[in-house]
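By written order: A, B, C and D. Residues from 1 in each chain.
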Amino acid sequence: MSETKGLNRQQMADRIAREFQDGWLVNLGVGIPVMCSNTDIGERDIVYHSENGVIGYGPVAGPGEEDLNLVNAGGQNVTLKPGASIVHHADSFAVIRGGHIDVTVMGAYEVSMTGDFANWKLTGQKGGGIGGAMDLAACAKRVFIILEHVTRRNEPRLLSACTLPITARGVVKLVSTNYGLFEPTGDGFLLREIAPGLTVDEIRATTGGKLTVADGLKTIQV
Amino acid sequence: MSETKGLNRQQMADRIAREFQDGWLVNLGVGIPVMCSNTDIGERDIVYHSENGVIGYGPVAGPGEEDLNLVNAGGQNVTLKPGASIVHHADSFAVIRGGHIDVTVMGAYEVSMTGDFANWKLTGQKGGGIGGAMDLAACAKRVFIILEHVTRRNEPRLLSACTLPITARGVVKLVSTNYGLFEPTGDGFLLREIAPGLTVDEIRATTGGKLTVADGLKTIQV
Amino acid sequence: MAQRSKQIDGFREAVADIPDGSVIGFGGFAMPGVPFNLIKALLEQGAKRLTLVGNTTGGAQQPRMPDMGMLVENGQVAKVICAFTAATRPTDVLPFTKYYESGECDAELVPQGTLAERMRAAGAGVPAFYTPTAVGTELAAGRETRMIDGREYLLEYALKLDYAFIRARTADTFGNLRFHRAQRNFNPIMATAARCTIVEVEDPIVPAGAIDADDVHTPGIYVHRLVQVPAEPEGLWPTKRQERRR
Amino acid sequence: MAQRSKQIDGFREAVADIPDGSVIGFGGFAMPGVPFNLIKALLEQGAKRLTLVGNTTGGAQQPRMPDMGMLVENGQVAKVICAFTAATRPTDVLPFTKYYESGECDAELVPQGTLAERMRAAGAGVPAFYTPTAVGTELAAGRETRMIDGREYLLEYALKLDYAFIRARTADTFGNLRFHRAQRNFNPIMATAARCTIVEVEDPIVPAGAIDADDVHTPGIYVHRLVQVPAEPEGLWPTKRQERRR
C-alpha cells in the first residue's frame, strides 16, 4: 500500500486512538487498527480487547519479550497490561455481541456517507474474509474506521454508497484516513481535521458525497 | 417421612448407585439421590455432577473437614475427588442440556407406568420447586427415580398416570423405592428386585398398572 | 488500564443509588456465593417495587441468613424470578409463600438451567434461544415452540438485569474475580447480564495484575463496584447449616 | 473417578479411527492453540470427504505450519466452515482459494462470533438462537429473521462436531485442561461441541488432582484422548511469525 500523501499508518492509528475516552473497552481489528495499542494517550484507562479473548493487552512486544501464545487480532505478539484477563472465543464474542465494546476500530475497503462500510469481500471474489467484523459492526457501541483515502487508482473510498457487499449499515461514526478525520453525515462527510500537507480541494476531489468542513478546521497533530 | 417397610433411605440410594456404569457422568438431585455419592461401588470410575457446577465430588464431608463453599445439589458440604473441576451455572447446565449426563437421579412425588414423573408441584399449590429437574429430565441420557413406595396414606406413587403436573414425559428408566427396584413398562411396572421383608402381593396392592415380576426375582442385597 | 480502583468503602454506599423498580440478580446456590452483606444493605436502603432474580427466595435453611425472601417481607418486592417458589421439601413452608399466595408479590417460575441460560444470553447479546427444557409441561402451555431436527423446543428470551449482587473470594482493583469452589454458581453469569455489578469480596482486594490473566474467572470489564467484607460480626459469612431431622 | 489415564502413545494412534466423512473442528487463532501435530497426523492418516471447522483455512502466514488448507490440498476435504475463505489482506492469495474457486472444495463462510456461538450452542444443547450479526448483509439473504424488541435478528443453528482437535498447555490424566494466554481461543468451545475431543498437550501430563478444581479451563468430561507433544524436531511448536513488508 503506498502512502505518498498525508499521514502514515501509525499516525492514522494515533489520531483514532486519541478519541478513546477514559474507561472505554476498545476492540482493535487486524491491520492498521491494532497499531492503536501502541499510541500513548496519557493517563486514560483504556482496555484493549481482541476477538481471540485477550482483554487488556498493551503495545506490541519488543524483540525478545514475545510470548508466541499471546497475540492480538492481527496475530502480532503483544504484551499484557496489569488487570488483563483471558476468555475463550464464545465468551469473547459474548463481550462483543452483548454490547460491552465501547468502540471497535476496523479497516475497510469503502465507507458510505450514511455510515455503511464494506470490508469483507472484493468484487468478483468467491467468499471473503469476515472474521469478527460483522459481529463487531452489529454490536459495538461505536464503529470507527481507518483506511487509505483513495485506492491505488486514486479513486475514492469514502463514497455516496458502497459498491462492495456491506459488512453493516449505518454504523460508522468516525473515519481516519491518511488525508484527515471524517464523520459520515448522511449526505456526505464532515472533514473534522485535515492531515498536514493536504488541501480541502484535494480532499473534496477524492471524497464521495458532499464534503463539509469543520469550523476553524484544525490540522492533525503528528 | 416414615420408613416402616423395606429399605431405608441410604439403601434405596445404594441400590441405584450400583447401576452406575464405569465412566458415567452422574447427576444427583436433592434428597435421597445425593446419598448415592456415599455408596462404595468399587473400582468403577464415576464422576458426580451437581447443578451448581461441581464436577467430580465425592462423599459428604466428615465433621471438621467441611468447606462451607463446597456443596452438592442438596446444600450438603461434600468433598472433591482427584480430577474435579468447577464451572459456573450456565456452563453447568450446558453439561446437562448438551446431553453429557449419563444418568440423573431424582426424587419424585409420582412416576407413571409410561415413564412420566412429577416432582415439582403439589395439588393446589401456587408455584412450586422446579430447580434443575426439568432441564435434567429433558436432557440426561437416562432418568432414575428414588421415592418412597407409598404416601403417608398408603396410596401408591407408582401409578398408571401421574395426577400431579409432570416434570417430563416418558423419560424414567428405573425406579428405586423402599419396596424394590422397578422399570416402567408402558402398561405397568416390572419388579426387578424386591426389598427384604416385602412380598410381591404387598407390592402389587400398592402399585398402579400391571405388575410383572422378573424371572427368578432377587432380593436386594443390603 | 486498571489504574484506578473500583473498591468503595461500604455496603451502604455500594447500594445507595439503586432506584425503585430495579431488576436485581442475586448470586448464590444454597450457602456458597450468596451476597449476604449486599442484601442486608438493600434491606436498609429500602428501594421498592423491585424485581429480584435468583435460584430461590430463601428461608428454607437454618440459621437464616439475609435472602430474597426478607426483601419480600420488607415490602420492597413486586416480583421474583426464580427456580423455586416453594421449598424442595413439601413439608417446609417458605416465608415467601404467604406473600405469593396472597398476591402481594408476583413470581415467575423458571427451570434453573433456563434461568442461567437466559442471563447468559442477555450478557452475550443473544435475544432468544430454543431449549428442550419444560417442553410438554404446564410451564410451556400456550407458549411458542418449534420443531428442529424432529424434536420440539421452547423459545426462551434473554433476561437482562439492572444490577447484579454477587460474592467472590478474590478480586483485584480492576474487578477481576475468582470464586472458591461452589461459590461460583450464578455469580459470573449475573455479572455479564447486569448494567452494574456489585461484588462483596472475601479476601483483601489485591492490585491489578496480582491475579494472573489465565486465572481470572470473571473479567473486570463486567464489574463496577467492589466492597471488602469485614470480619464477623460486622461482616456476614457463610455458616454451617443445621441439618434437620427427617 | 479419574483412576485411568486418557493419555495415548502417539498422534498416529490418536487419529487412526477417524472415518471418512467426519466433521472435525480445529482450534487455534493465528499461531496460538493450533493442533499442528494432530493436523499432521491426519494428513498422514488420509481420511476423505471431511468437513473441517476452524477460524481460517490457513496458509497466509510464514513459516507455514500444518493447517486446514493442507488437508484440502491433500484431497481430503469436501467442505470447510470458517470465518475467512480469503486472506485478510486482499493482495494475499490463500492456498485454499484455488480449490474453492474450482469447486473442488465447498465452503460455508460464517462470522467468527456466530461460528463460536454455534459450537457453544451445540455443546450446550441449544439447537438454535438469534443474533444481530450479519443482519442486512449478503450472508442473511433469504434466511429467517425475527424482530425482537424492535430489532431484527438472524436465526442460527447449532454446529455439532464429530471430533475436536485442540492444543493445550497443561492436562491431567482425567483430561482437565489449562490453556496459556491466547492459546485458549476456540479450543474449550470445540471440546464441548464434539463427540470425541483429542488434545495435544505441551507440558508433561500430570496426575488427576494436580490441577486445582478452581483452575481448570476445560473439564475433563469433555476430553477423550491426550497426546504429549514431543520436543522439536519430532513435535511441532509455535514459531515466530515472519513479519512481512508492506
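Note that in this section contacts are C-beta pairs under 8 Å (C-beta built on N, C-alpha and C of every residue); 3 or more make two chains touch, one makes a residue touch a chain.
If you're wondering where the values come from, they're calculated on a predicted model, not measured in any experiment.
Peer 1: Could you find the chain whose CA centre sits the greatest distance from that of chain B?
Peer 2: So the farthest one, by centre of C-alpha atoms, is A.
Peer 1: Taking each chain's centre as its mean C-alpha position, how far apart are chain A and chain B in Å?
Peer 2: 56
Peer 1: Distance between chain A and chain C based on Cα centroids, please, to the nearest Å.
Peer 2: Comparing mean C-alpha positions, chain C is 38 Å from chain A.
Peer 1: Which residues does chain D have that touch at least 2 chains other than itself?
Peer 2: Expected reply: 117, 120, 124-126, 131-132, 179-181, 213-214, 217.
Peer 1: Please list all residues of chain B that touch 2 or more other chains.
Peer 2: Chain B, residues with two or more chain partners: 54, 80, 86-87, 90, 93, 96-97, 139.
Peer 1: Go through the chains and record each pair that touches.
Peer 2: Final set of chain pairs in contact is A-C, A-D, B-C, B-D, C-D.
Peer 1: Sort out for me which residues of chain B touch chain D in the complex.
Peer 2: My answer: residues 25, 43, 45-49, 54-56, 80-87, 90, 93-100, 139.
Peer 1: Using the touch definition up top, name the residues of chain C that touch chain A in the complex.
Peer 2: Those residues of chain C that touch chain A are 1-4, 120, 122-126, 172-174, 176, 192, 207-209, 211, 213-214, 216, 219-222.
Peer 1: Where on chain D is chain C touching in the complex?
Peer 2: 117, 121, 124-132, 146, 148-149, 151, 153, 157, 178-181, 213-215, 217
Peer 1: Applying the document's contact rule, which stretches of chain A touch chain D when the two form their complex?
Peer 2: Per the touch definition, chain A meets chain D at residues 1, 9, 30-31, 50-54, 66-71, 74-77, 80, 86-90, 92-93, 96-97, 109, 121-122, 125-135, 138-139, 165-169.
Peer 1: Of all residues in chain D, which touch chain A in the complex?
Peer 2: Residue positions touching the partner: 29-33, 55, 61, 83-90, 100-101, 107, 109-114, 116-117, 119-120, 131-139, 169, 179-189, 217, 238-241, 243, 246.
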